[in-house]
Structures are given as C-alpha cells and as structure tokens.
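Working notes for the structure below.
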C-alpha cells in the first residue's frame, strides 16, 4: 500500500475534502447556481489570460506583502467570507481566522459567525467582517458596533443577494442548513438599495465599507459616487446568478471607471499563485479565496487553512520571481495579455 | 433504496421523460434534422451571452407578467406548438393547454390538434393557434374561422416547412406518426409564398397573425412590409434545416430591422430562467418553450406541464431579482454582453 | 436480434465500410497525413458556416441540376478521383462510374484506372479523367489522347503531389498498394511546374484542363494567368500536407481572385447536402466527394455508389427547399454567414 | 502475437518512452509546472497556424540545411539542452551528442553534463553549451573557458530560472534528482541581471552568446541592446512559469523588434516537420527540440536520438516539398496564416 499523495496544490485539497466531507456538505460548498455555468466560467476566465514574464531582474526573493486600509497582509490573497463553516469542521470560522493569522493574511468572517465574535476577537491576526443587512436594522446597527469593538478592520457588505440563488445540487440533495448554525435573529433583507450604504457607513464606527458583488462599470461608478471605500468584484462564487460574468472578466471595466480612487478586490476561481498575479496585473489590489480555504478547513481545520494559504503564498512568491516582479507594486498591466483564441 | 431525485430543472424533466417514453417516441421529440448541429447550436447560442447583473435596486419581488396582443401572461414564456402530443401522454394537447392555464401563460396549440378544438375551447386560459396552410385552402379557411370562434387569441403561421426536415433518428428508428393522430384532411402546402399572408389575414377573423420560422433580417423586413402582426424567430427546434442559425443568434438582426414595429418572439434552446432573460435583453417580447413542456407532459401529463412552467416562472423571477429588474420592461440591452471567446 | 439499422446518411456508409473492409484498407482510404489535423479540419471547416434560410419562396420542388463544361450533372456534387478502387470492392472504378451514371452525375476517374479505359468508355454517363504527369512524357501524351478518344469530358490535373504525403496509418500498418493494381509504366513526376500546363493543354485534345490541389489566392491567380480551364480547391483529402488549410477555408480567397473567369470546385469534408449548399454559397460551381463514394463502393459496389449519391442528391434538394432556393443559381452568398465563435 | 508497431513519429517515441521509463523519471521529463497549462499551450500554439502550400514549383528535392553562426546543420532543428540525461539512458548526454552528430545537426548540451566535457569533445559533430551562471562566478568563468577549449560553438544562457518552477508531478512523486548526476560545485544564481551578460561575453572566449528564455518584445529589445548574439524564445518547455505564453505565440513580437539583427530560435512543443515549417515561416532561424530527443534517448540511446532526428528531418523535407520550398530561405511569412477560429 502506497502512502497517500501529499497535498501540494489547492486542487489537491479539494479532492481530499471530497473524501472527508459528506457529499451533501461538499456539494453545498462546491456547488453553484443553476447549471453552474458561472461556476465553471470563474475558472475559464483565468485561462483566458497569459503571463508575459520578464527576465534578468533579480527578483528571486520577491517581497509579497501588501497594505490594505492600513493593515498588512503577507501576500495579496485574503480569505473570502463564507457561511456556516462549522458544517465542514468543528474549528469553523475560528479555525479559518487562526489559519489566516498564521499565514499572515486577512480573514473575512461571515455574518453567520456572529455568535463567535468574542472568540474571534482573541485571534491575533487581521480580520474583516462580512455584512448582510437584516430586515431588522437595529439588529444590524448592533452587529456593526460589536464588530468594530472586536477589532475587525473593515466591513464587506454583500450586495448580490436580493434573493437566494437557485442551488440545484442542494435542491436535489434535499440539503438544508443546520438550524443550530444560524445565529438568532439573523436574516437578510433583499430589498436593500444604494441608500442603505449611507446608513451602514453611519453605523460602521469609522471602519471602511467595501461593497462585494459588483460586476458592472455602472454599479462600480455608483459605488464610488455613493462613498464606498472599496469594491469586491464578485459573482458570489457562482452561487447566485448563473450566467453572470466571471469576476475576473468584469474586473477591467470596474478598474477603468474606479480609476484608482478606491481599492478593488476580486474573487471567484482563484486557485493558484499565477491566478493571483493575473488578477493583480489586471488592476486588483488583492484577491479573495473562498473554496480553497474551505477545503483546507475541511481536511485539517486550522492547520489546513494555514497550509492552503502557505501553498498560495509560496506560489505567489514563485510566480513573482519568475515574472521578474520584486514587489507587488511591480505587478503591472504589461504582465498579462489575452490568451490566443480567447 | 434511495428516493428518486426531485425534478428541479427542466433538464431533470428531460431525463425523466427519457425513462418513461419509448425510445422512438423520445427520439421523435428530442431529435433534430441531419447531424443535429443546429439542435445543439440552439443551446450553445445561449452560452454565448453573459448577464451583467445590477445590484441594490430593490428587485427582490419582481413583476414578471407581460401583455401580448392584449392578453396577459404570468411570465414571458409561452408554450411552443408541437404536433401529435397524445403520443407522449394521453392528456395530449389538452393537458398542455390546461397546464399552461394553471401556470397563467399562453399555450400555442398545433394544427394537428384540430379535432380537439371543442375541448380546448373549454380550457380557461390564454391560447394561440399554430397554422399550417393546407393545399386545400377551403379546409384552412374553415379551420381559421373555427379557431377564432373557439377563443384562440392569435394565429402562429409556420413558414419554415416547404419540405419536411430530414430527421435521421426517425429514419433509423423506422418511426412513423400514428395515423390515428393525424386529423382528417390535414396536410401542409410546401409551395406557400408571401402572397398567402394576405389570404390568411383575410380569413383570420381579425386575429393577429405571427410568422414563425424567420431567421434573417431580409425576411423580417418582408414580414413587416407584408403586414405580419408578429414574428417568431425560430429554426423549428433544429428539426428542419440542419446547419441553420440558432434563433437566438438571428434575433438581433431581426430586432434591428423590425425596430419595435411588431412583437418579436424567439424559440429554440430555452431551458432556464436565465435563458429567458437573455432573449428578452436581446429584444424579444417573449420566448416559446417546446421540448421542456413536452417532457413535463410525458412525465406527468397536465401536472407535468404546469410544474415545468412553474420551474421556469420561478427561475425567471429569481433571475430578474438577481439582475435588479423590477419589471420585464427593465430587462434591457445593458443586461447582456457577448461571452468572452464567443 | 434486431435488423441492421438502415444506411440513411453518408456517415452511416462510413461506419458500414469500417465493418466490411480489412482495417488496413479502411485506414488507407480513411486516413490522412501526419497527425490528421487537416483531415479533421476539413470537417470543422463546414461547421464554421451557418445557413441563413429564406422562407415563403415556393421552393419545395427545386431544380438541382447544373451544367459544367457543357455536361449536365443531376446535382452539384461529382465523384472525386481516388486510386486503386478495386482494393475496396471488385467493381472498382467501373462500379464508381456506373453508380455515378445512375445518379446522373460526373465521376472523375483516377489515372490509376488506366487499364480499365475500354470498359469505362462503355459506361453511359459523364466522366472526367484525373491526371498525374509521368516522368515519361510520351506515356502521358498517349494517355491523354486515349482518354479523349474514350469520351472523357475533362482533365483534372493533380498538382499537389510533388512528394507523397506521410500517411502514418499506412506506415504503422505496414500497408502497401497491391502491385497488381498499379498500371504498367505508371508513375508521377514530382518536379512538375507551371510550364507543364501548356504542354498538357497541347496534348489534351481540346478537353478542358482543371488544376486540382490549389489552396492559395497566389496559385489561383497563376492558374488563371497560365490558362487553366478550372480549379479544384483541395488539400487532397488531408492526405498530403498535414497542417494545410481546409479547402472550404481557402475557397473564398480563390473565388475572389478568379472573379468568375473559370469554374472553381472544392473538395474535402463534404458529407451532406447542407455541406454542398455552403460550398456553393461561398462561390464553388460544384463539389467533389471522395470518401463517401468510396464507402458506398466498399459496402455495395456500384449500388452503394449510386445510393450514396442518391442520399446526397436528396439532401441537396431538401436543403435547397428549406433555404428557399428554386435553382442552383439562387444559392448565393447571402445564404451563409460565419458561425458565431468561428 | 503481433509485432510491435514501428515508431514512425516523435509521438510514437513518447509512447514508447512511457513504457520503458520508471514513471517518476518519465514524469520528470514529460511534466511541466503548475497545472501544466503552458505545457499544453505549447502544443495548442502550433495548431493555431495553418500552412498555405504553393504548387508546381519543382521542390520535390528540397535543400534543408541551414547555417548558424558559421556552423552547418542538416536541417533547422537543434537538440534543446536538458539536464541529467543519464537518468533516462546510460548513454546520457554523450548519446545525445552522438545521435545529433549522426543526424548532422547541433546538440546543445546542458551545464549539468560538465563532468562529461572531455568525452563530448570527442564527438565529431556540432555542439553548443547551455549555461547556468553559478553563484560562484570563478566556477562559471572556468566552465566557459573549458567549454570553448572543447570545441563548443556557442553559449546558450538560460535566463528564465530565477527560481525553480513548481513541478507538481515531481512533488507528488517525491522525485529528487540523483545526487550522483549533479556536477560538484554546480548551482545556479537566481539573482542574475542584464549586467551579467557583459561578464559572460567577456569570459566566453569569443563564442556567440544566446539568451534562452525570452518571451516578450521588451526583453528581446533589451537583449539586442545589451549585445546578445541570439535569442531562444522559450518558456523552458512549460517547466517554469505556468500560465506563461507559448514560445510560438511570443515569437512574432520578438521577431518584430529584433528585425533581423540577430538570429532568433524558438522551442516548446515542436513535434513534427510541419511544426518546424510554421516556426520558420513566423521568422525563427531554427527550432530546438527537447522531449522528442529525450524520448529517443530513453528508448534506444544514441540510436534513438539519431532516429528521432531522422524522422524530423524527413518530415521537414517532405513538408518543404509539399509547400513548394526548394530551400529553407524560401520558407517565408506567406506560408502561414492564423487558423480559423484561433
């Protein structure tokens, strides 16, 4: 009997998670909406760009760290928010926060972890908070003030959930979120509008507010005009509107209208260090990774999250060296080109 | 033994129909002409467009209904006409009309159901009538006057059958239409021309006359000039000329020359709510769905038709919410873009 | 035990031929050069065009016949020349000529059938002669005068065989042409040049001379300048230079420079009636079909050739009806468009 | 039992090598970095160009030889450098040099063969030397002077290894280079810059210095400005930066800025004679082939290398004949066109 193959890529972790998780839980995390066209498109989008590496630039030891809203991250990949993490491993959101802290990067924690706020505050690492606005605005205002008091560094407001996406795997599996994992009083308001942004900023205790779920230049322009502090270009991991664009494909038009006024992040389909480089070369300040961290958590809890982030960090460093980028600031538009035939 | 998976998409119904139907009947409905390139192209065409969803527009409860020639449909998808429906289920065309009525949308009934006219008239729901012109014009004139008297709201004249398509599955299966299902005296005239349109309008008792089977700007322009009341851009579900364009691909050039003067519908390959949104964003007033309704009928008669339409209706509502469209009128051209690489 | 499926398309004949032929013979006919990229490209090329059918034109009974160099063919597809036909069926080239005659179209017979000239002359149908120039010019001059005397209507000079293509299937199979099938004294001269065209015309007894194997506008222009009577755009069925263009892809640039001065035919990948329509809409006067006729011959000798041509003829008539073309002359450029994404 | 199929293409040798090599050694040679996107892209790149063959040019006996830096090669394909050749066959680099000599072309020997220098000098054939600059510059200077003294004709400096690529097959296999094969004192310096080029030229004893691993017009321009004598456009066989462009795709922009001032070679994905023609038509002076030579060595040592090169040579001659090219100089830009849809 041969030893199990080592887990050397984030895809290795995905395969391992498939082994350890009950299928319906795996499907809940892995799946997307509808026919999962957008889920697959998120990956295809990265394959439509090639890197144009530069040589002889003494970049063998690149500096990979970045600064976002005054917080340093060891490399330009953050953990994306996702809900009900205790379903895949008892460590849950706490394991994610601790794993990210060990890797030196920011974990963005989901609203669904509200009841873990005290424990999360003890984690010695940079943390952001993902926000769904509840129909009960007082509940939301209270959440925001607690989050600020617990040392979170930014609010990431999810704006692409006016309705819940049609997750067909869950429908077929008869899957339902375990009630115990849903915080009391928790809910989301599908009728939110741009006017809610002012309200959130008012209650955010001075924390920067990013809008997550923007896919068009039109909405990016509105976000800037309405005072957003940052944007996460995202299709919610392909879990909301099937047939929507990949985040990476929407990124250039967002970057164009934002024109450097606020940071723009992107998520959806990031699986390797070269993916991170492509997103940054197209203008993103950083990326968010969701499922890879989830697979790390599923396979080995906090250690798994840390290891997945270590893999990505090493891949980013290697790709920067091979691209001739000594610093993240050197990852510029000349580094990418549309792949032939794409 | 596990319970059968629930049928949550129209494709689930297709798979279920494959189980319940004799192969040669399934093939008759599912198949296309020639190498079935066009049949497959009808699906590919939808994958060549992406949606550009807008956020924060309070669209969580969208109004999905439309008005066509003065008749209200609960959402912008009608049942396409198809022949010999009793082959797949005893409910036949009557089940289709009743299922559509329950879903609140229009069923377009095939000429081949002529002998069911009295029963169809009893169905409390909007109905249109599909027309083949017979070599016997008196027969056709009589049909038109009976159809009008039975409360049908529009005539959909099929113009893409000068000859019968080469359905190779049927040839290989030795399949023939059961003679009992063909109405007495029924036949189609392959030599019809634009001059017949005036004749039909004269005998249509004031009902609007749509031309179904147009795929070019040239013929769309003629249709408008010759007095058609509407157009259905269609390749007959891939069953007539293999290698012809997908309806969705032909739609933009038709929309351009029609320039809003008459309603334009499209069919071929619509399988989900996001498909409907794409067609409307490209200018269609509504879509027609054929095979999904046929699979519903095959699986569960009237109930199956109603359930397939319920699925599509819910998907349309969900997609509108996620696109930020509060009404069908808000489904505009900015909502779609050519998919990268397409 | 079920009856064998009827052979209703040319691809059905290909599958049936695979059953009846020894693999190495099948491979000799079916195979192409190198990695067979060009062989596959010949098919892909047809899938890169869509048809734009017109309606209501009373084309249900189209006239499919054409006239080429004063000879009538029942429909615009000729049998392409191919060598050593007795390998696949004892009827050999004679069966091909007779099958074509029954179908009312032209058979182009290969030089390799030289010893059958007397028998071929007895076939009551239009025939052309394919020519390889031998290193022994007297041999060639004699062949030309005998061919003219035996009632052949045109000379089709193959110009794309300066060297023999690298047929890897044959190499792997250790396949060699049976010596008995090679006519005595027969050989080809790889060092032919444009100057040989004048010599051939001088010895062709007034027969029109077509050049087969041209793939570029440059050579098409030279062909016209040097006095060719016609061109067959061809890559030799993908059997000579792997990686060369498909004939159908090269056709438009040839049509452009020839500008109607001489007839242009095309071969390579024609398998159905809609393929024929596409080639004609792009400017060809007719197509040649090779392998489909070979599979017909392999399966049923003369009857098989006739039946394959009957299938194609019916498909052409059906496609013309469905495209709204009453005559071959009506098959014009507006009938095709580049397929989306191609 | 049937005889084994003859090895008639370089891909046949790849399959045969897969049989004779231990999997982890095969994987070391065959594998690429990351997801092996670039490894596959190297092949796809060749399929994006088609050849436009010319006819009637008396090219049946083409002259395939070229001259590079005063050395004659029998045809425009050289053996690319690759390390640790004794892992696949005891003949190792010596077998490669001898096989190439028998085929009349240049073998570029890897730095890792440093300890075989005396034996290599006895091989009667053209040889180039691949260079990694060591952190110990004296070691490198000594290597260069010995290489020059041993009759090598050029220095090929690899510039795309500031860090070692992430070879995931090797990680999963737990593969490590056998220590015995690594020359004493041998190592590479990842911090090399353009300034090292002057130093190398100073110590190269007058040998021409080519830079291998350039993929952008920017670096090509710098190479010319900094005095390189030649460029090898290369992504290191897909083994360094995954997601980087194919060499063939980068070639045109390099050719454009170099503008004929120095020879440009290309490697990556060359597997057949038509591949060689495409690269030359796009402006390369010659190509390098790596894995095909490795498979030849693995299967039959020196004989295998010679046979693989014989296959390629024959394929180049055949393709030239079929393209109408009498000499390598006639392989010009008119011979290629972008493949449709690419």
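Order as written gives the chain letters A, B, C and D; numbering starts at 1 within each chain.
As a working rule, a residue touches a chain if its C-beta (ideal position, glycine included) is under 8 Å from a C-beta of that chain, and two chains touch if they have at least 3 such contacts.
From a predicted model like this one, the values you see are computed outputs, not experimental measurements.
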Which chains make contact with subunit B and with subunit C at once? none
Taking shared numbers over all numbers used, above half giving same and below half different, the subunit A and subunit B interface sides are different
Expressed in whole Å, how far the mean CA point of subunit B lies from that of subunit D is 58
Per the centroid of Cα atoms for each chain, what is the distance between subunit A and subunit D, given in Å? 41
Where in subunit D do residues touch two or more other chains at once? 341
Considering only which chains touch which, label the overall pattern as line, ring, star, complete or other. ring
Report the residues of subunit D in contact with subunit C in the complex, numbered from low to high. 5-6, 8-9, 11, 47, 49-61, 272, 274, 277-278, 314-315, 318-319, 321-324, 334, 337, 339-341
How about subunit B: which of its residues touch subunit C in the complex? 34-35, 37, 41, 44-45, 48, 159-160, 162-163, 165-166, 168, 171-172, 174, 190-194, 196-197, 211, 213-216, 218-219, 222, 240-246, 249-250, 341-342
